[in-house]
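Consider the two complexes below, in which chain A is the common component and chain B and chain C are the respective partners.
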Partner chain A sequence: MNIAIKKDQWINLAIIAVVLWFIWFASSHFDEYTIRILNNIAIFIILAASYNLINGVTGQFSLEPNGFVAIGAYVTALLLVTPEAKLYQYAIVDPYPFVMTLHANFVTALLLAGTFSALLALCLSFPVFRVRGDYLAIVTLGFGFIIKILAINNPEVTNGSLGLNDIPEFSNLYWTGGIAIIAVIVVLNIVNSKFGRAMKAVRDDEDAATAMGVNTFKAKTLAFCTSAFFEGVGGGLLAALLTSISPDLFDFFFTFQLLIIIVLGGLGSTTGAIIGTVLVIGGSEWMRFLDEPMKFLSYETTAMPGMRMVVFSLILIFIMLFAREGIMGKRELKDLFKSKKKGDK
Partner chain B sequence: MDVTIFMQQMINGFSLGSMYALIAIGYTMVYGVLRLINFAHGDIMMVGGFLGYFGIAVLGLPFAAAVLLAVVGSALLGMASDRIAYRPLRSAPKISLLITAIGISFFLENSFNVFFGGVPRAFPVPPYMEKMVEVSGLMMPVSAILVPVVTVILLVIILWVLFKTKYGMAIRALAFDVDTVNLMGIDANRIITLVFGMGSALAAVGGIFWAVNYPSVEPMMGVLVGLKAFAAAVVGGIGSVGGAVIGGLIIGFTEVVVVAFFPELGGYKDAFAFVFLILILLFKPTGILGLDFEKSRF
Partner chain C sequence: MILKVDNVTKNFGGVTAIKETGFTVNPKEIYGLIGPNGAGKTTMFNIITGNYAPTSGQVIFRNESLSGLKPHQIVRKGIARTFQNIRLFSSMSVLDNVLIGFDFQARYSFLESIVRFPRFISEEKRIKNRSMEILDYFGMSSFAHDKATDLSYGQQRKVEIARALATNPELLLLDEPAAGMNPSETEELGEIIKKARNDFDLTVLLIEHDMKFVNQMCDKVLVLDYGKTIFEGRPCDAIQDKEVISAYLGDFHND
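Coming up: the complex of A and B.
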């Protein structure tokens, strides 16, 4: 038993080493366009792995990512933009004085972004998880709209619909890839812990879980807040990658993209979330011929959503009807090897 | 405060609330039989508005015929969505059903966006609807009176179907226990499809009224309205048709009154419905009518 665990750990370390080598290789050898796509994939791995925790592992249908990503992006942007850059940006109204004094380094900004999102998630979870999870979807969907409305209607802080520009471009492959590795490790550790088993129990049968003494409210809240934390961090990375953000960036399409990713990869599988991210983000680059007016990776423009989204929604319906397990089902990478070994014997 | 202005706003609120109510009834009925938040419902309302637009502007139909076209078309669309996308998932985990509903919603929005463009199209409102009439000193367009009146008529019809017909009895029974209903020799799938048809027909009427009031149609018009209507259904007590109407009126009134008397809050008017939703979930999750969903239906 002990040896087996050690072997697993060696394999994990080897995978991390290979990924780190790839990050180093990519950032020194690949062209700018490829690196940008890889950055996006890394950020979406963070988002998909954490979104999967509430949707796939805990089985509570939530539509929150765009709201928390927006919060993370705005918090990070407000902390990173230099006071000089802020001075000329606020075109509609003068910003509140405290906005001008906000400043922090990149790590602090990201951590604050995540913490802020997680705290908001905690506030949301009290009304929502008091009743059965049904309402989570509609409350989180509404939450995304409210965040957008707040961002548009408070130009003293957010510069309204113009958004914030000149965010220092801190994000690079080391940051996005490194945080993606951390996020995946944290999510996997939660899934394999006592809390993770509670979450899965809630997903499979909430009544039975309650009867067995599982605190379902705690399990759901933990999953929701962890998701929100990493979505906040991911939003911060995104802001520091795009260098300019506006409320329109974080509309419902953002969440929809993540939903496709985790459904395609297999609800409940972190490995699936990673595979799904590569397929969907890579695939939407490839499918760009479907609607030419769109610019870089669909979320940069909402002015002309096109054929690609129709295709995406058809794929989603198709998977749900005919291949509900997605690519990985609920299995992880190591489960694949295990079943193979058994097959050999 | 001027009494006339106050009354005018009351009527506006009543009119807006009636539209929310029409759409909320569809949510509450589908939730009643399937426990499904039908995300595509708001988009079926949008399709209703578009069908009305095509009927008048493209086919040159009179207004009443266009309404009929929209109602029939939307009802068929709602039934088709159930038949194609929801029925195969009856025994699947609920999350699959919700994801499929989101997929259909997104499909409708984006295919209309791609094929008909995202720019709002002016809705050809028949002149008699825009005529101002004077009722005891208040000037208002005919449509502002028509909307609540039609809502009340439709509500009476729905309640009659639910409580006085065999189909209504089957729907109410379905809300309790699908398996038992099947054992009683009733085709549950057919009844569920009927519920989708009824809800979608009401949504189409709501969509046309919406299009008349704001006179335009666009592919995304159903998103926010649908969300607010669902919030209305929960506020009133989900599963109850009367509750959906009460919730719709409350949210409609609040939006109109707050915007009229506190204009500085105007930018936030789309957020009220969700604030209501969160408050009701915190303090009275069964909604205003206080229906315990596991005990009583409709």
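Coming up: the complex of A and C.
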């Protein structure tokens, strides 16, 4: 038993080492375009793995990511943009004085972004998780819209629809990849603890979980706040990668993309979330040609922006109809090896 | 006296499911709750476990009123239950199902689990060992890593009882434990429940329709009909009681 645990740990360390090596290799050898895609993938791994915690592991259908990502991005941007840059950016109205004084280093900004999101999630938890049902989906959907509207209508803080620009470009593959590794480890450690077991119990049968002494409200709240934390951090990384953010960036499409990722990968599987991210984010770069004018035999079509989304929607429908478990189901990487061993006997 | 149901009434809108009913259960007793369908037995269970709040009256467990406690808090006081239709956690292994029962007994915090503190590792090891012991007691340890819902019905029933015992209860509520079992499985289950009562110092309160099973198992029964007590006493006397017979079979009129 002890040896098995040690063996698992060695495998985990080896995986981390390979990923770190890849990050170093990519940063020094790949071109800017590829690195940008890899940065996107790393950020979306953070988002998908944490979104999966509330949606897949705890089974509470939620549509929150765009709201918390927006909050994380704005908090980080406000803390990172230098006062001089702020001075000339606010074109609509003058910012509140406190906006000018906000400043922090990158790590503090990311941590504050995550903490702020998590605290907001905690506030949402109390009304939402007291009742059962799909209220979480409705409330979080509305929450995303409210955040966007607040961002547009409070130009004193957010510079309205113009958004914030000249955010220092702190994000690089070391940051995004490193935090993605940490996020995945944290999520897996939660899943493989009594907290994760309680979350899965809530998903499988909430009444039975209660009958086992599980505080289901606490389990759901923990999952939701952890998701929100990493979504805030991911938003911060995104802001420091794009260098400019605006409310339009965080519309429902953002959540929809994450939903496709975790459903494609398999709800409840962190490995699946990673695979889903690589396929969807990588795939949407690859499918960029769909949005452009195309020559098909002798026909020539005009550019159709959003054509990729049609393809993604079709993929989602296909998964729902024919492969509801997604690629990984609820299994993780290590489960695949286990079942293989069993099959060999 | 370990459990006292004190003059409980439960109304659902205009329907009275339980009307001014009370009974007491003594430590280490196996107490049967019987009655025709719709008599209010499961409602009584749900009141004891805190899923329903009684309209009036209260439940007293170890000289402490359970009024106002949430279901998971009542479990932590020492009342565990099984369900009429088995409700195991379908995506989890047998071992994980039992480990859920230790959820509130594992002493480590959220942060300790994230950074894998030594206390996390030792506590996980402790509750895993305890879970395996319980599974071993029920002869189920070889199925520990199988998916719970892949087991046979009788085995699932055992896992459900094992899972309930993991919460370290003093009072175990069994809702129709013998339902859907064949006679030999029923007999085996009866033996297990009796043995567990002695080995785990349990008091058992059970709902059952199988009168043979009730006769063999219970020290005392309470017969409910339309939410009212019509008989309390030894099971062998219950089946000769006129009122009980008429509740089950209806009244016979000779005129």
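What we mean here is this: the second predicted complex is superposed on the first by the 331 of 345 C-alpha atoms of A that agree within 3 Å, B and C clash if a C-alpha of one lies under 4 Å from a C-alpha of the other, contacts with A are read in each partner's own complex, and residues count from 1 in each chain.
Note that in this section a contact is a pair of C-beta atoms (placed from the backbone, for glycine too) under 8 Å apart; a residue touches a chain by one contact, two chains touch by 3 or more.
No experiment lies behind these values; they were computed from the predicted model shown.
For the composite obtained by overlaying on chain A, chain B and chain C can both be accommodated side by side without a clash.
The wider contact with chain A, measured as residues touched, comes from B rather than the other of chain B and chain C. Looking at the shared chain after the overlay, A:K330 reaches chain C, while chain B stays out of its contact range. Applying the stated contact rule after C-alpha superposition, one finds that A:L120 touches neither chain B nor chain C. When the shared chain is aligned, chain C comes close enough to touch A:A198, but chain B does not.
Contacts of A:I23 after superposition: neither chain B nor chain C is touched. In the superposition on chain A, A:L47 contacts neither chain B nor chain C.
By the touch criterion defined above, A:V75 reaches neither chain B nor chain C.
Of the two partner chains, chain C is the only one that A:N215 touches; chain B does not reach it. The overlay of the two complexes leaves chain B and chain C separated by a minimum Cα distance of 8 Å. The residues of chain C lying in touch with chain A in their complex are 49, 51, 71-72, 75-76, 80-81, 83, 87-92, 96, 99-104, 106, 108, 110, 113-116, 120, 124, 127, 163-164, 166-167.
Across the complex, chain C is touched by residues 186, 189-190, 193-195, 197-198, 200-201, 203-205, 207-216, 222, 268, 330 of chain A. Residues 55, 59, 61, 63, 124, 126-128, 130-131, 134-135, 137-139, 141-143, 145-146, 149-150, 152-153, 252, 256, 259, 263, 267, 291, 304-307, 309-310, 312-314, 316-317, 320-321, 324 of chain A touch chain B in their complex.
Listing the residues of chain B that touch chain A in their complex gives 35, 37, 39, 85, 88-89, 92-96, 98-100, 102-104, 106-107, 110-111, 113-114, 118, 223-224, 227, 230-231, 234, 267-268, 270-271, 273-274, 277-279, 281-282, 285.
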